[in-house]
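Heads up, the next two complexes both have subunit A, just with different partners, subunit B and then subunit C.
Take a look at the complex of A and B:
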């Protein structure tokens, strides 16, 4: 399989994300055969509602992986922001206009601190963000140990309302990816991320402000995490310090599956979007097929290995 | 060639940076102990010290393994998941008789070695990054384990398993004794054998190691097998301590083991660090946890302090070694 893919890629028959598109097509066909409720507007609008949180954190993670880093504080940060929003709002709709911008600034700010520490202490981002994750999680727990707080009904509507039969969250997700994609590909600053991830030294010698670009990438990751946390708290209605924890590792899979390599400098948000679709639809399909959520973990692990295996053989072949 | 390497290692050990690296942590530990002793006279009592070390023993075993993985420029995120999987495996025998315990150990070590082989194969032969390979293994083990248990905790264990945590031989707690034996074995392998020198060589410069006739692939695979086996053994001892198998036995050990190793001077860039240093890192970590409680801080404060320390320690060694 991987040999065939490698050959096709060498002959330029497959662009980077065609592999994922192919897998997606296979899964959708399989899903249609397994259940007649699979390929329905109802199921897909449900799917998009489920997907928005994973999509946003994966989008954030794409920025850090593109510059050759990683952010392991995403889960703790998302939990902290849900706790902040739910505790701060506490049923009052008039405070939404304060809570939302503050939550976004909190996310971007913590991200910027991650980037700054990693850049100036010259410590591997793995360690910095891991440490930051502990700090954020501990502080959140000191404030609130159990899920609590509440958000006004108006706020919950964001997570559940539809516009022309499609959930608002789906528009938001697609818009976020589109903006990020255009920014990365079409603007100077966006392309600097690729430059820094591809060859830091060359980027520096070419006058790219490497440190600032790196800090920006982590700030963006934190910002996307805050958006995800806002949807999360709108959906669940409470602030829960632990709710985000699985997101840290979940955010990495779609990025890798989408062809962004851990070493940095290659990939992009479109691949990540396909990766999010693939992971979400696959889990949805496994639900339809009655496969327990436990085996879905196994499948996710296998997806990582297979995806990395395919991209590896490509690099050797090409 | 070997002589040159030895000389280089010895010279490094005696340089200023090396001295600082070695004794900085000991000074820090001494400071912690003084603070602890002043805050609470009970802390330095032999009973409390033994208790603290006993709780730390399983982590110590995992850290020994993690050190091997980090030495060859990697890391092993699958250790905690493996610990829980080994614990579930121990209950799979549904034994209430102590005679099964050796069998449990053999089965656990075989399973662990297989997991280590898978990690090592993915990393060394397939070129998957250690982070992703061990992450995938971690998730797969987790899924398989939950699918087997259905998510419910089990407590069908031979009563003798508790002895692993509370028993004593010649007055020494069994788990500390086991940790000691494991540490000596790992130390001799790493610091006194050819394989140990090859591990450092592969960690420092895989290309040079290859040109020297060492197979970086085989050494890397060996290191991941050692990491998994140590984690598996640690899992059994932890199981003896907690008594009941939940699916989350050992949760957090993957990060704690990395934190301890890094604090103990094992460099994430590979090729640098010792077993003794890594174990000192464990001691510092548990003393800090204990101290947080003694000082009357809320228990969540441990998380915060741990986070600050891991960043601080990594920054400290980075500055010293540059």
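Take a look at the complex of A and C:
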């Protein structure tokens, strides 16, 4: 299989995202065959509502992986922000204008601390962010052990309502990815992330402010996490210290599947977007097919392994 | 397995129930009478002893022609209790296949965010009713309320969501009764004096939190009962064992009693004592029902214990209640299934008497993870049970 793919790649028959697109097509065809309710506006509206949280944390994770790092504090941070927002708002709509920017600053700030610690202590980001995750989770639990607090209904509506027939979450998600994509490809600062991830030493010699770029990548990851947490708390209506925990690992899957390599320097947000679509539609399909959620884990795992296998064979071939 | 004593009690209870159902509560609908039917005879005592009138919900506006598509969103099947509970639900769906055309099941792996997606996916598939066992009370409240407002009736089973207006009825057993009985028994068994540890379930899960509150309500009247420490165990035997091992190391023989709210962590706690070198008759009194292994270990090592199963049979009642709603039969706003008190033979106290002793309730040959109050056909074995149901 991978030999065929490699051959196709060498002959430029298979651009990077083709594999994911192919899988997506297969899943959508399968879904259509399984149920006539799969390919409906309602199902896809729900899908965009479901995707937004995973989409935003994966977008954040893309930045850290692009520079050859990783952020394992995403889940704990997302939970902490839901707790902050729900406790702070406590039903009051007039405070939304305070809670939202503070949540964003909190996210970006924690991210920047992650980046700073990793850069200046020269500790692998895996360890720094894992430690940070534990610190955040512990502090959040000190404040609130059980789910609680509440957001006003109008805030919940951003997670569930439509604007001109399309979920608000869909606009948010597409806008976030589009801005990130343009920024990474078209601006000097954005492209520096690729330089740093590709060859840190070369980037340094070429005058790239490596440390600042790294800190920026983690701050962006934290910022995206805060956006995800805002949608998450809108969706559930409460602050829950634990609700984000599965997101840490979940945020990595779409990035890898989307072709961003763990070593950094290659990939991008469009691939991540496709990865998010793939994972979300796949879970939706498996629910439609009545497949146990254990299989959902197995299939997700297999897709990661297959995707990484294909990308690796591509590098050997290329 | 049933002792004569138990049979006499059952006949007596049936007699009382008969009189009450026929006479005083002539208006009680079928679902309420049926609440404890499978496996547990008699009307639930919580229903009989409720000092207030039991509130009924008119379901006429949800009445619909069958056959139905029912969606069941389960929080998880991550422990023995939840497995037996889901078995009951699937089995009952199969028993009612004349009315149920499709029975769709999702499993959220205890992740409330995934469960929100699961519920939306079930709605996408055009379900006539949602039967939901939520991962947490609060996080699912919003999506469940939105389903109801879209015109999909929701029946909660095992756990509920925070806002009562977001569901029609809640099929459960009384966690307050479990919590009170366990604490009352412990306090009386220790003659009102002693240091205990509390091992509740999952932080934030409503059964766990309600039981803790009920425990404390009782202990507030027993100033001599001192709670050394409380540690959540996630209703997980391994966590229960590890937590108890740490507590034994910290307090040793100072612990006069272990108040576990379920046998899931309870038998882990007994195992921790055995590992720490405690032998037959040396383990302090414990509480916790739900799985056979606890009762078996208590028998084998002479642990004074009291258990009150949180019956997995509520899954069966959940499906039946869901069908009542779709048939327009009024249902109680809270459907409680029956519970029985199980104690070691010499461990009854002034206010907590046994309905069954350990070996009336389980046999030593039962699989350890068997939920004794399952309501399923004789010979039910969770490892091999694979019920047919309309998929």
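Basically, the second predicted complex is superposed on the first by the 318 of 318 C-alpha atoms of A that agree within 3 Å, B and C clash if a C-alpha of one lies under 4 Å from a C-alpha of the other, contacts with A are read in each partner's own complex, and residues count from 1 in each chain.
Quick note on the criterion: contacts are C-beta pairs under 8 Å (C-beta built on N, C-alpha and C of every residue); 3 or more make two chains touch, one makes a residue touch a chain.
Everything numeric here is computed off the predicted structure, so don't read it as measured data.
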Pick one for A:148: touches subunit B only (first), subunit C only (second), both, or neither.
-> second
Taking the superposition as given, does A:135 touch the first partner, subunit B, the second, subunit C, both, or neither?
-> first
Taking the superposition as given, does A:308 touch the first partner, subunit B, the second, subunit C, both, or neither?
-> first
For A:276, decide between first (touching subunit B), second (touching subunit C), both and neither.
-> neither
Using the touch definition from the top, say if A:292 reaches subunit B (first), subunit C (second), both or neither.
-> both
So, A:113: does it touch subunit B (first), subunit C (second), both, or neither?
-> neither
Kindly classify A:262 by the partners it touches after superposition: subunit B alone (first), subunit C alone (second), both, or neither?
-> first
Of the two partner chains, subunit B (first) and subunit C (second), which one does A:240 touch, if any: first, second, both, or neither?
-> second
Show which residues of subunit A both subunit B and subunit C reach, each in its own complex.
-> 145, 292, 294, 297
Which subunit A residues qualify as touching subunit B in the complex?
-> 70, 117, 121-124, 126-128, 130-139, 141-142, 145, 249, 252, 256, 262-263, 292, 294-302, 304-305, 308-309, 312
What part of subunit C is in contact with subunit A in the complex they form?
-> 104-109, 111-114, 116-118, 120-126, 136-143, 146, 203-204, 209, 391
In the complex, subunit B residues that touch subunit A = 75, 122, 126-129, 131-133, 135-140, 142-147, 151, 255, 258-259, 262, 268, 298, 300-311, 314-315, 318, 322
Going by the contact rule at the top, pick out the subunit A residues touching subunit C in the complex.
-> 35, 37-38, 40, 42-43, 46, 49-50, 53, 145-148, 156, 160, 232, 235-238, 240, 242-243, 246-247, 283-284, 287-288, 290, 292-294, 297
